[in-house]
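After this come two complexes, each holding chain A, first together with chain B and then together with chain C.
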Partner chain A sequence: MSGQTFRLAFGGRIDRSKPLNFTFNGSAYQGYAGDTLASALLANGVRLVGRSFKYHRPRGVVTAGPEEPNALVRIGRGTRALPNLPATMVELYEGLEARSINCWPSVSFDCGAIIGLFARVLPAGFYYKTFMWPRGAWMWYEKFIRSAAGLGRTPKAPDPDRYEKRFDHCDVLVVGSGAAGIAAALAAGDAGARVLLVEERAEVGGQLTFGGGIIDGTAAGAWRRLARAKLAEMPEVRVLTRTTAVGYYDHNLVTLLERITDHLPPPPAGELRQRLWKVRARQVVVATGATERALVFANNDLPGVMLASAAHRYAAQYGVRCGLRAVVFANNDSAYAAALALADAGVEIAALIDLRAEPGTHAVRGLSVRGGQAVVTARGSRHVTAADIASLDPATGRITGKIETVACDLICVSGGWDPAVHLFSQSGGRLAYDEVQHCFVPGAPAQPTHVAGAANGAFMLADCVVQGCAAGIAAARAVGFDGPVPEVAARSLLRLHPMWEIPAAGSGKKFVDQQSDVTAADLALAAREGYVSVEHAKRYTTTGMGVDQGKIGNITAFGILGNATSRSVPEVGTTTFRPPYVPVTIGALAGRDIGALFEPVRKTPVTDWHAAHGAVFEPVGLWRRPQYYSRNGEDMHTAVARECLAVRNGVGLLDASTLGKIEIRGRDALKLLNMVYTNAWDSLAIGACRYGLMLREDGMVFDDGVTARLGEHHYQMTTTSGGADGVVNWLEEWLQCEWLGWRVYVTPVTANWATLAVTGPQARTLLQQLDCDIDFAPAAFPHMAIRTGMVAGASARIARVSFTGELSYEINVPARYGLALWELLMQEGAALGITPLGTEALHVLRAEKGFIVVGHDTDGTVTPHDLGMSWIVSKTKADFLGMRGLQRSDSARAGRKQLVGLLTADAQTVLVEGSQVIRPQDAPRIHTPPVPMIGHVTSSYMSPKLGHSIAMALIEDGRRRMNEDVAVVVHGRVVSARIVEPRFYDINGERLNG
Partner chain B sequence: MAELLLARTALGGATAAELRTRGGAAIVLLRELPESTMLDVRLDPADVAMLAAVQKATGLDLPQTPGKFSAHAERSALWFGPDQWLIVAQAGEAGALTRTLDAVAGSAVDVSDLRAEFELAGPLAADVLRKGCGIDLHPRVFGPGSCALTSLARVRVAMRQTDERPGYRLLVERSVALYLWDWLVDAMTEFTGG
Partner chain C sequence: MRNDAEFTPGGEAHIARPDPHRATDDEWGKYLYFRQNRKGLQLERWFHAHGCRRWFNVARDSVTHEITAAYKMGDLPPADSA
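Let's turn to the complex of A and B:
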């Protein structure tokens, strides 16, 4: 294939012996190893690479870096495709498939370009002005606007590639490996610091990989190779290439995106593709270089208008000339070197147009330099064919004299340089405006941050090396690695003549942000309409809001906004620099937190048995508890009814291992219990249990459970399954912050014990069959007692407590024996018809008894009095947590919602939990809100034992409404119910105490 | 006569062991360790007499420095807080040790079944941990004798380095042991090829 007509015969860092085949929008091309997609396309003379976002104008490659606004492509296919990648950063590989985005149905014939004809009706703020009417219609418009805009498409199926995350630490993190970054890494590494040097491209070196220059008497390229070898020999220096620092957060946390295989033909699915690093650095050296700024003149978005530094890089690094005849248009010296490099590459330099009346001092080697002039219009339809050039009046900046048209196929522009201050700004550092170089530079840092080189406004190679070295030494010294005191260096300045908007000689849009299709006129309009704040103007015009974040145009936009409002650029200020610096794939952010590893799952020792026996699980905190066990395909209703009746009539077995358990030991243990529970604990004897309610300081219930006294100063507290961590934190908070010196220690032991609850009238019979040294006779082991002993060789704590209302024992054995004990109980209980029960049956059984579930019947706004549990609130204790909260006027007032029972008029109708309760007289008007709500249903079940639906509800003044009828709104239908006592079964507790 | 209950470790029955290799050399090893004795010991660190009594009873100097553990004759004491240590000893010592320490310390609770213990060792062990753990494991910072209560894969772990391989012991609450195991095996696939 001989398509690479713009490829130079020699030169550059590409390997001409390794041709690579690729496709772009379905056409086949060839490039070389070392190319980017952009350089290979340019080598093939492909100039039109996409269509613009709003007007669908033809667009070409503008840059050679991550700041590229136009050449956005989708790489790969199917679920492994990545959208919105800048072609300038995509390394070429054999078989690469690329498509431009924003160009349906094709780049060269684009029906969206018709939109361009209507450009006059698409001003800034168009969407806000047009699609906000009629109200609510945006949802309808949005679909069409999104698909017309079409910035890339997200694959629908899961991504088969692997992404990971990783933490790391270092003494000195150096971001950017140009001359400054290398010098910093060498200096810090020499001092002995742990250094991490990060480079976003494939090779370290930044501009040293293609630019000329001399460092310490050595050619820059050779210096780079020497430095790289030295770094490789330092054991505590690590270099990461193809890695971009994307975010800089508090405490010197910097996130890095490492692209591991993106530069290779797609490896087998499942290979590690990208890695997100979270690096905690003691010191950070920002050596991120600078981005060249574009110039804003008419039709400056035509393919063939390119940053001068980009054209330079394509020639020097990739051996590609971006045109045959170029006009170079600059306001500073830096483009002169680019012009010379292009001339060396065989590009004819038609003219070097310098905005400055007094052109620079840079060597020109016979180039035609024309000061005080400007390119005012780029001519051409699909790409540049000529440049219109005019002289400018030095005083007014207006066009004077005749317009001259110069034929060319390339216009290289340089509007100055913007230090890449993104990371520095993200870190909280203040920016300062450099009035000579007309750019924002880092000011005072907010963290241990050093900035060196072009990122610091030092654009000359020698200054970069000096600053980098000084930053590396300073960073290392700051963390204890002594080195020579860094020299304070004075930098040379890049003199430039700022002109944010070049005057027009006719029509033609002047683009400030090519990706978002924002023009100078849009910014002026925004200012006229009152959007003078830079943050408002940004959102109104969308300037800088593309995936490139407006890297080559933002400062210009601020300048134009300033011109329109008679303010200087520093007065206008900048928009906020937000992470990420370049787009990060969702895959990298997710890492391995997907699928089964998405979130930790807690298992009891018996969980696998449950799963093998038909359990359907429900989440309780991070636990998965059996909700019910489906036998022979039973549905939930049937299974729950069977489990409930087994407990009421025989014996059931519940895995209660998830109950929170806390050991409390020490001389002041009793004092602690008296403070954290509402009731009094002084009379609790060793071997006895008591139920307690815990309140927050506001008097609201937040946990409950049974605490047993095991010894003189030894208690075991139980908590709700979901509340264990919160209770431990609560106790520790008081002990560590308020009750210093109390001799009491709390130890969370939840998972240490398997807790198996045997419940039902046959429970005692079953336990008496076990090989156990505990006397289960009612007199020896009454309700609310705890005994310790041995069960089949395992030490056990057995508490006779009940949440079902039946005779119940909770057997606690060390977790290692949990499964064996469960299997033993199932085996020994077989003759009694022992039935495992899940949480749903447990809830039905406790509701029949009127026992509350904290977090189910309470929601953080409910006091013990609201629950009808005033009996548990001590009237004699001097203090307990929540006591004062209960005395607040709102907690003590009449008319609060109170817990009551509800019986539906129709026995078979089960209310939906959360349903609203209203007065019966309001029932006819439920469809004409507002309807006063007097409460809501907290728990509701079908009771198999009673053959009747039962419910609990929080209802205003509920206890005074006893036996009144209410209406409950269930899915838009009214169900009548009667308020009753919240106890439905064995009201006197005879079964419990039996 | 009923049989004795069978004890099982967190990963269900026999001690799970996995040796993962690439090119024949063991680069990272993960295994669940058999049960041991673990005690949560609390006391006032200013109480010199109490510290001495614990030393006499266990042979262990309770470390006063955060992030350190001490070891003596198959026993270790991990710093868990200013007034809290975890003592790890051989299996079967729980009853006697708890009784002894309960008499001399502020509180001693047998937590032998609260946590599972994994060993992760080999040249790439730290790189496996770095995928889910935010603490600095560089030898200048964390070496043999170091321990940390930290988060690994969003799970609380007590981690200590026992040797220079490097070898780490991970103590993780029993209920999430399988999750952490699965996470570790997944994190190792980069080095083992799955």
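Let's turn to the complex of A and C:
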């Protein structure tokens, strides 16, 4: 440990009595409470903090804020590690562990740097070019590029920390607590408005925390403390620190990311780490400040080149000098104050180079100011050792005279200031170009939005306070509070000489976007290749596409693009500002909606019994249904075969409680059924059941089920398990929007009833053993009938309907009796060998019968006629939903895919569902596409009863191809099969009518 | 102000279902698939899915998302929002 050799003896807002130990890339260092990781590293003389994305060039800290392009680190270890954090915003804590991202094996010896030697073969749009030419090049490059590129690594295991979301409301949301934000919050709070003030750093104050200046005759630091105390006394004002406004959406919805424990040593797992706020504000004041712009000259990415404002902040806030001898290079006055602050911190100012022919009028206290000059090259291999300085011809901007080399270890640059218009722009507000200050400023707002201070292009402290105050009052007045209308004086302007690219005096890359490794030459190349639109050039060069979104270089990129295409910056325009303003953890976006809370799990009364008896569950909508029950470690195949045979030979028991159930009552109930189903319902007697298909208005099948008539105007409809909610919504939509005044109620009752299906040749025998007042004799209770009565003390609706093809009864009892009845049936049925069956066995049994499953054998493009179910489409009804759709030319044309059965030539080969079906003559050429496909497999199972694989498929003109052979492509292999009727077992239905 | 997550959009309002016996394929296709998708004021159907479960109409600006009127199913739109 070499110690904090760049730390000043005094000054700054750090606490030298509280040293903190931390590691960076495995080496131990010490900093102080109040440091960021970046300031502590700089204090320790660590200047090389990362490697660049594409060329793996050495990089150092450039900024002191969220705009940092280079110093990206991974903080923490294991499952709690966070990648890609800017070291400039990471608050130091005892024991902090940080690693550079994107450098392997180490930051100082980086294998990827060899890529830099091949930079000529990595031009702008490199990836896109390899896609196009040479043929196959991308396949070769991809592996290499993917391992070399990419920022950071995400942990592989679940995050143990807790994140949450919170909704909030306020009259005035003030984003940013610099001079403008504080003034706005004070003014709005004074007027009585409910104010929320958010600050992304640890303390309110923005530049007031270190920058000096006088406000209303008070020193800025003292004014900040007074204002903070005053805000704390206002009951309606809340202040959130370490909170960044990341997105601005419609209706003044602003999202905030609050970092609660990230500045502390990791607390026990399960503590709240971050909170995502969703704030609806009646008015928003954007006081987000401005970001200093870098300057583009040769080797401007060398460690030791940094923003002047950042060097100023490191000296004044953190007591760190970023070098011993500095060259300050600027095109505006703001860097003069930074130069003075550096001089105060003991940094020797070798020269203050001003691009402007007439340098600024700012007090310079004897510093040597050289106008009309530029730093043209930064010299050094791993760090700045000198600056090459040249005079520029005021007329042409070209280099004149000799190059002078000035030894230095720090080059502070200021290319002007860009208002942080990100949130304003996200809100829909238009931007305007300020021709004097050469930056985009907010124009007309699209929402109740006010902008104040540097974010509004007012860069002087006094103007910030005046604008903030005015914005706060305007916002409060807009929501009904009174306040004195302030006088707004004209703001002072920052005089600026824009030069988007400094002329070159030799070789050396000029970086515009350091994080994405985009140079001025890349942008010029993109323009030459025709990428004139700013949005195209951005994507082609990737400028501004890193996690920093190119905050310090975007406007410069637009300027260079403009130079290359003879357009001004406003003519080029800006790319779209999209949320989030800074990266947001997926944890914060997910909040508590993870794991078991990701979505609700619906349970039937019997779910826990299933789990205790070996059930393997599968998701069906929000339900978890037993797929099969594994006995003594059986695999799925064995268990399903056992369950199927039990149903065919004895009796099975199925928990069908998930079946959608809808109670339909009212005088117009019959009218409703006739409209939503394809068949006619007029003749259905009380106590009888009927199967129905529902179509959308385009004629395509969307649900099916059995509906029973319980009374004169009383029906119970059943739907598919997954479709229950959709069907209820469908019925409500038609009744509320189209069929107003119909006297019918539809009530979803799925969860009110437990539905237990007893199925198999022994089903009747079992039910007749129960204490029940219903006559199960075939004549008294035929197939497709429903009876109500008492079963073992519970009122029940029993429907004799079958989805397995065997004699079946669906017993509905109030849900609270479901488990007791299930257990009773298992007990009473033991002698008959009763076997619980899961959904997989049910699927096999129904497929043996050729019964469809909507959503499995249909996909939203299938009509009843395609399914071979024309018998269920009424030809006499005046109208029903989908009737006209079925007559459209495409629905009625020949050659549509039709549902057929498939029998494989080899009885034991089970087709894979979804497999493509082709003509046998095309089978030899399946590896030379295109191969015409004539259909696909929708259902496929091994039938234990038949000892043969069975399948259903949708095949073009399928019914006309009956008994033809086809080829099915399964995992690149061809399987022969024959088209048959889609019914494999008990074709005449004798078993279910028995 | 209500959270938009309570509501489900139902698309353009006041689309009359043609007489299925008279409508041509073209007319039926327009009923099924063609919507104005206007930039500016639109009349739309919305469903209060996680609430009272009623369908209703709104007049909404598709640019600013401002809702200028809400009215019952079966009612005509307010005169100034047609």
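Operating definition for what follows: the second predicted complex is superposed on the first by the 761 of 994 C-alpha atoms of A that agree within 3 Å, B and C clash if a C-alpha of one lies under 4 Å from a C-alpha of the other, contacts with A are read in each partner's own complex, and residues count from 1 in each chain.
To be clear about the criterion, a contact is a pair of C-beta atoms (placed from the backbone, for glycine too) under 8 Å apart; a residue touches a chain by one contact, two chains touch by 3 or more.
Predicted model, so just to flag it, every value in this text is computed and none were measured.
In the superposed pair of complexes, A:Ala794 makes contact with chain B only, with no contact to chain C. Contacts of A:Ile586 after superposition on the shared chain: neither chain B nor chain C is touched. Within the superposed three-chain model, A:Ala363 lies out of touch with both chain B and chain C [touch as defined at top]. Contacts of A:Ala780 after superposition: neither chain B nor chain C is touched.
By the touch criterion stated above, A:Arg888 is placed in contact with chain C alone, chain B being left untouched.
Touch criterion met: A:Glu697 reaches chain C, while chain B stays clear of it. In the superposition on chain A, A:Pro814 contacts chain B only, with no contact to chain C.
In the superposition on chain A, A:Leu740 makes contact with chain C only, while chain B stays out of contact range.
When the shared chain is aligned, chain B and chain C each come close enough to touch A:Arg280. When both complexes are aligned on chain A by C-alpha atoms, chain A residues 167, 169, 280 touch chain B in the first and chain C in the second.
For chain C in complex with chain A, the touching residues are 1, 3, 10, 17-18, 20-21, 23, 25, 28-29, 31-32, 45, 47, 49, 53-55, 64-65, 73-74. Chain contact summary for the complex, chain A toward chain C: residues 167, 169, 250-251, 280, 446, 697-698, 729, 732-733, 736-738, 740, 878-879, 883-885, 888-889. Taken together, the chain B residues at the contact with chain A in this complex read 1-10, 12, 35, 40, 42, 83, 102, 106-115, 127, 130-136, 138, 140-141, 153-155, 173-176, 178-180, 182-183, 186-187, 190, 194. Of all the residues in chain A, the ones that touch chain B in their complex are 164-169, 194, 270, 272, 278, 280, 592, 596-597, 599-605, 608, 622-623, 663, 665-666, 743, 745, 747, 749-753, 770-771, 791-794, 813-821, 824.
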